[in-house]
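As structure tokens, the structure follows; a few thoughts come after it.
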Amino acid sequence: MIKVGIVGGTGYTGVELLRMLAQHPEVELTAITSRKEAGMPVSEMYSSLRGRVNIAFSTPEDAKLDQCNAVFFATPHGVAMAQAKELLAAGVRIIDLAADFRLQDTAEFEKWYGMPHQCPDILKEAIYGLAEINREKIKTARVIGLAGCYPTSVQLGFAPLISPRLTGGKRFIDTKYLISDSKSGVSGAGRKAEVGTLLAEASDNFKAYGVKGHRHLPEIEQGLKAIAGHDDIKLTFVPHLVPMIRGIHSTLYARILPEAFDVDFQKLFEDFYANEPFVDVMPAGSTPETRSVRGSNQLRIAVHRPGGADTLVILVVEDNLVKGASGQGIQCLNLMFGLPEDMGLQQIALMP
Amino acid sequence: MIKVGIVGGTGYTGVELLRMLAQHPEVELTAITSRKEAGMPVSEMYSSLRGRVNIAFSTPEDAKLDQCNAVFFATPHGVAMAQAKELLAAGVRIIDLAADFRLQDTAEFEKWYGMPHQCPDILKEAIYGLAEINREKIKTARVIGLAGCYPTSVQLGFAPLISPRLTGGKRFIDTKYLISDSKSGVSGAGRKAEVGTLLAEASDNFKAYGVKGHRHLPEIEQGLKAIAGHDDIKLTFVPHLVPMIRGIHSTLYARILPEAFDVDFQKLFEDFYANEPFVDVMPAGSTPETRSVRGSNQLRIAVHRPGGADTLVILVVEDNLVKGASGQGIQCLNLMFGLPEDMGLQQIALMP
Amino acid sequence: MIKVGIVGGTGYTGVELLRMLAQHPEVELTAITSRKEAGMPVSEMYSSLRGRVNIAFSTPEDAKLDQCNAVFFATPHGVAMAQAKELLAAGVRIIDLAADFRLQDTAEFEKWYGMPHQCPDILKEAIYGLAEINREKIKTARVIGLAGCYPTSVQLGFAPLISPRLTGGKRFIDTKYLISDSKSGVSGAGRKAEVGTLLAEASDNFKAYGVKGHRHLPEIEQGLKAIAGHDDIKLTFVPHLVPMIRGIHSTLYARILPEAFDVDFQKLFEDFYANEPFVDVMPAGSTPETRSVRGSNQLRIAVHRPGGADTLVILVVEDNLVKGASGQGIQCLNLMFGLPEDMGLQQIALMP
Amino acid sequence: MIKVGIVGGTGYTGVELLRMLAQHPEVELTAITSRKEAGMPVSEMYSSLRGRVNIAFSTPEDAKLDQCNAVFFATPHGVAMAQAKELLAAGVRIIDLAADFRLQDTAEFEKWYGMPHQCPDILKEAIYGLAEINREKIKTARVIGLAGCYPTSVQLGFAPLISPRLTGGKRFIDTKYLISDSKSGVSGAGRKAEVGTLLAEASDNFKAYGVKGHRHLPEIEQGLKAIAGHDDIKLTFVPHLVPMIRGIHSTLYARILPEAFDVDFQKLFEDFYANEPFVDVMPAGSTPETRSVRGSNQLRIAVHRPGGADTLVILVVEDNLVKGASGQGIQCLNLMFGLPEDMGLQQIALMP
């Protein structure tokens, strides 16, 4: 059994880790910390866990995280990097669901997250937690900077088009003019008391936000450059708030280069993801629904080329709290400890 | 033109006052105060008002409320009673949408609202703002303690059964065993940042709250006693939170006394409300929907006696922000200033 | 492995059976029938099942249901009773999710369902599928008439108060004046194209329906009489439609008899359900939420006595498609085949 | 008073016409037809109209539409063109909310709507009902083919960029590569019983649809060509279904041509719509919300140029049933009969 601790489990990614880890056959959950709620059984905050998860929040001091094999950080940005050094020294492996270990450029990190990076040396060895792209590196990683929710959908949606793996390095699309029109349920904003995500404000409503610049933009562009193997990438990223709890739907637009007009893009995607347990390339003509992945670690993709013209439209759906966060974290955990990649991640989506 | 000011207009009842008063032909809105947002155009907070309501929030000092004919308090409890004396001295009439002037018993007020009452003398002259019950008194009132949202639906639902007006003092139902199972949209909780009313918490969900005791219980019982003309009233009141923005649906249960088994309750309700502009007694067998009053000052009632047995079921719907708050306030304003009772209140509900 | 077939799996209870049975370690799903959709993979209708459930709908003829150990009927009323005789003759055990085997009085059945009962003899041996009440009988039953969604919540909510098991036959409440104010998500109406349950009609809205008389009323009263061991039962049942997908919340009202004023009702409920795997009596003061059981077979109950007065308020939540239908069916299946009662039913609710 | 009739008023655009026309000071509503519901008071279908709109549906025969000054067709495609000739002969002016008089190319009409056009001659004189573009022509039109809901948002969003009015014919954007990622509430699908728009299917969900080709695509391209004055237009149009009742949000993407890098696009939009009563160009940096126009005829636009790069992002919101249908129709009616353009269209949006 792998001993696992969770730092900061009061948010939505925390409860999702609990839900899935409680049913993971090779994980022993030893501690979950929350200084503010120390002593409170987790099932008091999330009644869905009553009778199923019987531990209480503990203070970081009582949690003895240094005795874990792995620790998840389901915390605000800045927490993981403050504790990473000590845990690594104790031989603990780290999976950070926040952004501390995502951006390799510390100047970019400071610009977007408004704080200096506390451990650039650890950042250097951190692996970006997106199993479909970095599977081998994740297996031996000590520190995972888990891919963000939007970035997962956008990168996996564009990857087959830009990765040299199947294209042989040939350019298929104009990578200087990528567009991601993304839509997220409000759980993406977390369990924070804010006026903007009240039901009375956000339901029966739709709007864009962060058009000027969203923290996920540099993360996505960094990831796309890594996948493509070149820096010739420019993305316009417009996130929107959908009046629903969970789910991300990214509608990606790419302009096909004349030399790629004859490519069978449906086949390209199917081949690229042929062996992926959690990526489902749907049949041509499909329109994936976010509810088809509600509560599951699955990500579904559909490839369209309307009117046979020069614009590709890629539709991607995922559950932002599962494949976009906690499930993806467990997927990395499984890889890091030599377990089957889908262990504990076999829940079928809840539909309707 | 009646000069009207609004104190504390940043909440939902504030914006509803603005929406309706902006279209009221005899009202001149002279000021809306918010110390916190002073200087900000109201249309910046509520973009629905762009191009239609062109005033900005002002500080209480700048608002010159003492030059108004009437002032609405769309504030938290405790604000109106702190300012009432001075305004009254200046000849301003007051309509308080909060609870400061609802409960005649100051001990009850202190118990439920956790603060001492600051002006028991003014409270004595205050009129309970429920036009269908207190129409004549409202006309000459200087201070209105406007009926709460739930209380409006419960009192108007039970009134025909307990008022001596049409029953001639005969008892029709067991008033010691009244039940109101009430349901409200989340705007009833106001525009406050709270975890419990986030979309991610409150949507796709249903629950009761305040079962142990809700502030509206003493208000309703006081009102029912006044309507009945006796104190033999006992209500069980269970409010619930509905995943919708607006609307209250109260399902009322009353046990018919044997001596009233032959009463035609449908006719009783129709007669009782025959001349009311804002109370719609629907045909027998109807099930009113909250959306049928969305955005309007209408309240709809349906009377049921399932299986012809001894239990009456009264269904009542209203828009909690209109008939349950701001619309009701304007209805009182019209009465106080001798205007047609429905002036500025003729919006048809938005459906779908 | 138990061979299981499903008749009529295109509705919501069908997909829920598939979701849960696909993860049941002792069940082999051999066939799912739909004459209309024969040949279509089930995952084409429910994309949530893609890659997880690989069978297709078949015609009843091709399904070879007579070779199953058990067959679920997830069909409209009237289908199961037409096929029961033949299946029973082949040694197949039947779990009907519709109403064919619920009402023991065939005249009542005809009155509420508008069709004659085709096999009164089989009806006589049918067991009412509510494990918490009929556990022993279910173990050996050949035919289960599974408890309906509302009836499950109402019966399990009143049972501790009226069952002689812990009361010793003493009356605690006035059973002639029971009230159930019940609320259901719209999936309770099934996957039928109807104007009334369109999102544009049912969302941001709340209403009662079926006040004159609902099919579940006779079922509930029959069940309560059986639990109480006497016929002195009268229920007022008012169902409401909540703008959410899943979940039932029943708010039950009962008048405490003077001789029971000193009973510790919280303890009574806790004792009554002490050993039940799927009934959670929450701590005093709790207000259960429907989302706390979303996708799970759990039912949660809270007991209230507002103001210490003579009215008991019992709050009950369940997922109408799981504990109110498919999960309950699998619970019965487990009992019928000597498996652990909670096998395949261990999903933790999805929250948020 | 203008005598107005409505053909086919049982759908959502019908009830919206009723809601607004009932408050229009210069309109007398003389008839509303529905063969199926003839005799039923409209307020029985839409309880929001109880006490406010007192006419009943009538058969086309009884409606005496030929005595109207104007007739709205709120019908499925194909109805208006069957009745147009006779009404025109009687001197009645026609406003068709369906597609019969939108596409000037009858071959295109047949391709997308699957029926031959019955009156190509009348089609020739029909004016496309988009007041901001065709104001003068509308004033004298006998037949209006009202702009569709999506097309209104897309055309008014791109118009300032492509119309020669302010650009002086200079090209600002690459009109061969326009993208509209559009999102609509489900009322856009109408009041038809369909599985896909049930609350249990469409709520807490998000998906694209019609990616292969949507009927509004040829209408939009025709409109953009007319606005631009050239045929060099190519649009990728991807509509999505949002779990809300009303509202359209179109996110438009356009690539700025190098020669236009210095254009002040914010000012361009403000100038272009400076005198429009129903188009609100919001301040730079805004993100318009659909709820800010709920129930109103307003359309709001925000102009973005993320990172100062070469992609323009235009955000447009409207109420699909008002500015996207019925309100727009009344706007045309006002123009046709020489009334103030905003008469009867002054409702402020309902927010929250």
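First chain written, first letter: the chains are A, B, C and D, and each begins at residue 1.
Heads up, the rule we're going with is that contacts are C-beta pairs under 8 Å (C-beta built on N, C-alpha and C of every residue); 3 or more make two chains touch, one makes a residue touch a chain.
For clarity, every value in this text was computed on a predicted model and none was experimentally measured.
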Chains touching both chain A and chain B, listed by label: C, D
More contacts between chains, C-D or A-D: A-D
Furthest chain, CA centroid comparison against chain B: A
Length of the line joining the C-alpha centres of chain A and chain D, rounded to whole Å: 39
Whole-Å gap between the CA centroids of chain B and chain D: 37
Chain C and chain D: spacing of chain centres that average the CA atoms, whole Å: 46
Multi-partner residues of chain D (at least 2 other chains): 12, 185, 187, 191, 200-201, 203-204, 243-246, 288-289, 291, 294, 352
Touching residues on chain C, where the partner in the complex is chain B: 177, 179, 181, 183, 185, 200-201, 203-209, 211-213, 234, 236-238, 240, 242-247, 249, 251, 253, 255, 285, 287-291, 294, 304, 306-307, 309, 311, 313, 315, 317, 352
List of chain C residues in touch with chain A within their complex: 12, 15, 19, 22-23, 46-53, 187, 191, 203-204, 245-246, 280, 282, 286, 288-289, 291-296, 298, 300, 346-352
Residue numbers on chain B that touch chain A, as the complex places them: 12, 185-187, 189, 191-195, 197-204, 243-245
